[in-house]
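Here's the structure, in structure tokens; my notes come after.
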Amino acid sequence: MLIGLILFPLIFSLMIFILPKNLTKYATIFYSVFSLSWMGMVVKNISSWTNPFFTENYVFSSNLPSSLLLVLDGISLIPILLTQLLIALILWMLLANQKEDKSTYSLIALMHFGLNGVFLCADALGFYIFWEVTLIPIYFICAIWGEGKRMPITLKFFLYTFIGSLCMLVSFLYLYQIQPEGGNFSIANIFNVDMSATARFLVALGIFIGLAVKIPIFGFHNWQADTYTSAPFYGSMLLAGIMLKMGLYGMYRWLSPVFAGPLCCDLQWYIIILCIIGVVYGAIIAITQTDLKRILAFSSFSHVGLIAAGIMTFSHSGWQGGLLQMFVHGLNIVGLFYIVNLIEQKYGSRDLNKLGGIATQNKWLAIYGMILVLGTTALPLTNGFPGEFLLLKSMFEYQFLTALFAGTTIIWCAVYMLRLYQKVFFGEESKLVLSGDSSLSSIEHFILIIFVLGVLVLGIFPQLILGLSESTVLNYLTQK
Amino acid sequence: MSVIIVILLTAILVLFLHIFEGRQWVNPLAILGLSLSFIILCLENNSLWGDYSSMIYMTQFAKVFTGTAIIFTILVFFINQSRLKLEEDTNNGDKLGLVLFSLCGAILLFTFTNITMLFLGIEILSIPLYVIASSSKHDLHSNEAGLKYFLMGSFATSIILFGMALIFGATNSLDIMTISEYFSQAEISKMAALGAFFVGIGFFFKVAAIPFHFWTPDVYEGTPSIWATYFATVVKIASFGAFFRLYILLGNVDNSPLYKVLVLIIILTVVVGTLTALVQENAKRMIAYSSIVNSGFLLMFFLNPSSDILSYFGLFILGYGLATIGIFSAIVYLESIGNSNGFEGFDGLGRSQPLFSLGVAICLLSLAGIPLTVGFLGKFYLLMSLSFDQWWMILLVIASSIISIVYYFRIFNGMYFSNKKASAIVAPEVVSPYLNFVVGFCALSLIIIGLFPDFYLNIFQ
Amino acid sequence: MEKYFYLVILFPLIGFLVNGLLGSKMKGTTPGLIGTVAVFIPFLIALGVFFNYGHESQPILQNYFPWINIFDFQANFSILIDPLSLQMTLIITGIGSLIHLYSIGYMHDDEGFARFFSYLNLFIFSMLLLVLGSNLLILFIGWEGVGLCSYLLIGFWYKNEDYGYAARKAFVMNRIGDLGLIAGIVLLWSYFKTIEFQAMAIHAANVDMSDPVIIIATLCLFIGAIGKSAQIPLYTWLPDAMAGPTPVSALIHAATMVTAGIYLLVRAHFLFDLAPSVLNLVSYVGIATSIFAAIIALRQNDIKKVLAYSTVSQLGLMFVALGVGAYTTAMFHVTTHAFFKALLFLGAGSVIHALHGEQDIRNMGGLKNEIKSTYWVFLIGTLAICGIFPLSGMFSKDEILTVLFEKSKGLWALSLFSSLLTAVYMFRLLFLTFFGTYRDDEHKKSKIHESPMVMMAPLWVLAILSVFGGILNLPHLIGGESYGKMAHFLDPIFSHSKLATEHMDAGLEIGLMALVVGLVVIIGFVLYNIYVKKESLPKPDMSLRGVEALVANKFGVDELYDTVISKPVLGISRFFGQKVESAFDGISGFFFVAGFKSIGNSLRKIQNGNVEFYLILMTGSIVVLMILQFLIKI
Amino acid sequence: MLMQINHIVPIEHIITLSCILFCIGVMGVLLRRNAIIILMCIELMLNAVNILFATFSAYNGNPDGQIFVFFIMVVAAAEVAVGLALLVLIYRNTRSVDVSLLDRLKW
């Protein structure tokens, strides 16, 4: 059943070239609906919520010591749900503004294939391969349909991620090599090896660098702002919405088993410090940016830093909060990017100084914008709050002072988010806004309502997500 | 043995047919002959026989490498076929004959059990290539390439001979087995060590490791692109095949006379090769340096040779060969539409020839080591074979494959993302079917073997 | 009646949704009516529950659904009905509905009419959540919900940039306080493993005095309270919040939201009892704020700014009462303050309405005979706040003073001084606006008109409440036993409070009361002949010198915050944004391409095409390798 | 059976002779610019190796070395033939056999 999640995107991304031109629209709709219903079917017949829900193993070649081992449990269920939801939404957005060329859809489907693979694969080599595979479509998307001087930016992004993933590969190789004979890359026995403290430290460092580049954590974040701004809107949605989660998910699945012993505690401490510096650094920069996408880039850099710090505390509320916030941040950031895209389409510019007073022109866009902005600033009864609270709780329990420093993020977030909202929606109408067409088509309303529902429903009932991963996180942490 | 006979017969037939007005049948006949020899190679697995009073011994390893060499030559002939369509080539038959002769030399190199056969193999491999290198008479580049290859080639051969003489002096026998027994004892005489050293140096030249790589960029740039493909693939696979068997025989790993030299040369090759490849302006020279870097990686397999390393070694070479053939066919196509082989030739190829450039893109991705391709598997196995007490060697592989992204993706970006308008691209003639076939074959096999490596690796057992 | 109590919360929410989504389609004042009804019905329900809530009946806990329920953190969405929350609910819904009624008239011709009422209803919903929440997390939901609504309502006329800035300033300052609150909640959870008030109260019984964790937790809660109730460090947002419509100032920034901080301290009194040092801090901060704000209020010329600073000052007084442990007195003052401060604000609103937006008291004057009923109402409000005998203000303020008199003479003297200052600026405000002659041009004078009935009715109701509010908690010496309803009512909550307040002898109490009233009356006359007899006017801003200039400029606290906090933050942000990011670009640029390209170019030059040179290099390297292999022993 | 002859000249002398010859050949290749001279020097190196082979085979009584010499001679001849043909080609194009003239293929 899990193999369907991996095969269908691949088949679709190849098949779409065969279909005649006018059928692409319907094929994409069918594909997005199909992948959602397939996911629904998978979730429906999850019988027992304790042990991993499904495990499937497909051996490709006997000499390769690794095989396609797919595992779905509480921790991987949430990113998978997010991916299906966001990919379907992004496809609908593309259909909404009549994007006709097939290569975009096939690239997104290839991306979908890679992402599902990353979240499902429990085999170190498989994980690495899917990690790389996701790089290629996003590279194409950003390079072909990007804007500004996109070539060097996309190449830098590719190189950053490539270096990170190679470091991860070296760690996995080392783990494989010190296994007794007959070992393989599957998660079960790649980690139950005994190695010296320094070796463990280096392996953990290698995997961490691979993940840190993706998240990004402070110090490895140089590619992020430029890539988000120069990518097309659905490119930045894929990047910010789902690809960040690959790094975070990697922390759950691949980084935490390695952490044991004194040296790793120091590494854990340094990582948390890095994350928190990133949180405050990103938030402070976002205060004086003028390009909308750049603000969102730094805002997601700051939010994700907090999530990473929460995960690194290895506490129950940190992990649960991290998973919930992963799902929620994905939804909010994609919603905000969609609004930024609508503003850019309707009013022609993303620059804060040129916009203003959209609320008087386009009431509904302002309302949707307000709800999403509040969701991002983690206001209670919006989806941001439970996750942020649990993360802050885990941070406070870990170390009171750093947590205070991390806590200031809710203040900075309020500052730059409300500044953004004020400059875009309130104030006098700028001439750009007056000249732009202020109407939302029905499909745009439909998509934005989904995001708004996501914000409110998860805000009032966060248990929907927390319940899914409760048992897995519980027995995972008690083992650790 | 009959493989060599069939190839020789086809060579002679091709030479004569060329004289008797059968010009247009020459190329297909050569391809036919080669495929016949490939079939014979596959069928005759009866006895792993020895011949020439056991101076040639067709082991399983040799069989696979011969098969790979034959396939590469067939692909080169297909590329040649595509060029024949465009302009009449007077002495095409001679070139094919010469190439087939050098192929026999290559097969000798895989199967030698005696030093004489080794020497003969090297010479039969390289002498025809001196002629082919300077095959386009009136182009000074090709002449220069031929001369350079000749001078440095013969210089290297004399060094190898000097080494062989010293080994012969020390071990008093030409047979590989006795020599390897002599070398496997703890203490070997100074002369034998010197002899092994010189043979090693000669082979480092043939394999184009850095201090001895000077001929490769100029020769690849100078010779006509079709035969440069032959140089980059078959010559490299032959010299590596011979060197690998020789290195294993010449001594146990740690105190073998060549170990320290090998480590230094690997480091030099990978570092200098990658850095110079980064700044190349000419596509052919860039591929020459990429081949140098790849030979550096292949040399890494020598660091701790073991039985199953052979199959990974074969896989890496297969990946490298197919990818290089793919890229060279793109260069041949660009030359055929009158394009100097700088990088700007590739701009906009993605739009004008989508399928063709997709194939070339896959070859590039394989060379760069992106997953789901043979190149990645080759690099992965290489990393697996390197033990972690040489951790800096692993860092070397990592760093160089990172930087290789930059120069491989220069072509890649040119093809797909150059904002050159489609109209500005030189009248995109239709790519000849043969080139399409070659690139298609290379790309498909790169992906298929990349996904299901058992298909190739099990042949070695 | 209790089982309908969820309607109390649900109705404002429904009002918010109806007005928000369908508001623009409704004609005339229907959104206003919906809004008022959506607040009035919960008032009736709360009243019903209040009446049959006897002394002995237990607090009711209604649990709706598990909000967050994971292994090491449980918080249910549940409300707690007990005397304290009932009293606050009554205040909120009662005064809320009056203000809704008033704003139907006040906002009549504003195009965002429906939007205004939807925000007000959302505010009532969040405030009710705040007071009714059974655990700290639900309280926090309400806490930030009211912060959001104050942001929305302050920035209601969003076209004006400065209002937007004021709204953002309010939200961010509240957020600073909220960070403290979150820290407090997390600390309490790590200590008690629960954040339910009732459960914590039971656990707190066996916690020894001034336990370090409790001290830090209570300090964090107090920081949250400072943020919300505008005490010393975080008070500058309240005067700027006057940018919002006057009903908003009345409801949010006078009666309900700002008292949230006090409610939090009263609700968590069992924790604060365990941390006497924090209680002292509370009273010091309270008294400092009270005096500081009162002094500033002396020199303010905008009618709403004066009332805003007066609120800050009164809140300071309430915190002083809390600091000495007099929780019931503080709650009593909260109630009476809600009455007369709402009255004063709405009165000011009707003055502004009458003068078509004029807010500067120097251009007013002599309105006594122009808008008679507003004058009478405003007079009652002023007398109540100054503490003249029969009105509610006197009772609640004097009770605080008597409690302070017992606890510490210093605090008593300071708070006496602060209440006298209150009298000074209130009388100044009264005389400048209503007495003397109209100081603006005739044309405007003709257009002054009395507010419509829909605005005057709530004013008169509030006036009556301000007058008879004192009855709620008459001191025992005037038949307190039967009449001290509020103290009696709230006792069960504080029954196990350790700081029981013993009773003072009657004589001293009367003496104190008389002293205060006398002083206030004297101040009244003194100001009367300054402003009315000698017609003296506050000097225009430019001509102010020295201390007066300083006070008029609000002690330069806004500029101080600007230079100390916002300028450096923006500076750092630009520095990070440009310098550090480009430094990172430089490093990664060099590290990736530039560095290697330069080495590559130099290596490229070796290949100079000359065969001789190649052969020489080859032989050279053979020699070197030979030396390495045979001679050097690595 | 090959007659066992007692060698008057010790083997070291001959080895040093062929090494010297080899080095002269190498120096010749490096220093001269005229292609024909370079060809001759390469021949010289090959002959030096021939000497070595002959002496080893004679002194160790193993005839293979001498047979190997014939192979070397054959190959050397083929090589020279090809080399000279190449030089003729270059002469026809550049009117000179100077090796340093041909340096178009660089960088």
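The letters A, B, C and D name the chains in turn, as written, and every chain counts its residues from 1.
The definition used in the following text is that a residue touches a chain if its C-beta (ideal position, glycine included) is under 8 Å from a C-beta of that chain, and two chains touch if they have at least 3 such contacts.
A quick note: this is a predicted structure, and the numbers were derived from the prediction, not measured.
With centres defined by CA atoms alone, the chain at the far end from chain B is C.
Interface comparison, A-B versus A-C: the higher number of contacting C-beta pairs is recorded for A-C. Chain centres defined as mean CA positions place A nearest to the mean of all protein CA atoms. Spacing of chain A relative to chain B, judged by their CA centroids, is 44 angstrom. In this assembly, the C-alpha centroid of chain A lies 68 Å from the C-alpha centroid of chain D. For the pair chain A and chain C, the distance between C-alpha centroids works out to 37 Å.
In terms of their C-alpha centroids, the spacing between chain C and chain D amounts to 100 Å.
Among the residues of chain B, those in touch with two or more other chains are 147-148, 151, 155, 217-218, 406. Each of residues 592, 604, 607, 609, 611, 615 in chain C touches at least two other chains. Residues of chain D in contact with at least two other chains: 29, 99, 102-107.
Chain pairs that touch one another: A-B, A-C, B-C, B-D, C-D. Of all residues in chain D, those touching chain C in their complex are 26, 29-30, 33, 99-100, 102-107.
For chain A in complex with chain C, the residues that touch the partner chain are 156, 159-160, 221-223, 225, 281, 284-289, 315-317, 320, 357, 359-360, 363, 374, 379-381, 385-386, 389-390, 392-393, 396-397, 400, 403-404, 407-408, 410-411, 414-415, 418-419, 422, 425-428, 460-463, 466-467, 470, 473-474. Put simply, chain A touches chain B in their complex at residues 60-64, 125, 128-129, 132-133, 135-136, 140, 143-144, 150-151, 155, 158-159, 162-163, 166-167, 169-170, 173-174, 176-178. Put simply, chain C touches chain D in their complex at residues 604-605, 607-612, 615-616, 619.
Residues 147-148, 151-152, 155, 159, 190, 193-194, 197, 201, 205, 211-212, 214-215, 217-218, 257-258, 260-261, 264-265, 272, 274-280, 403, 406 of chain B touch chain C in their complex.
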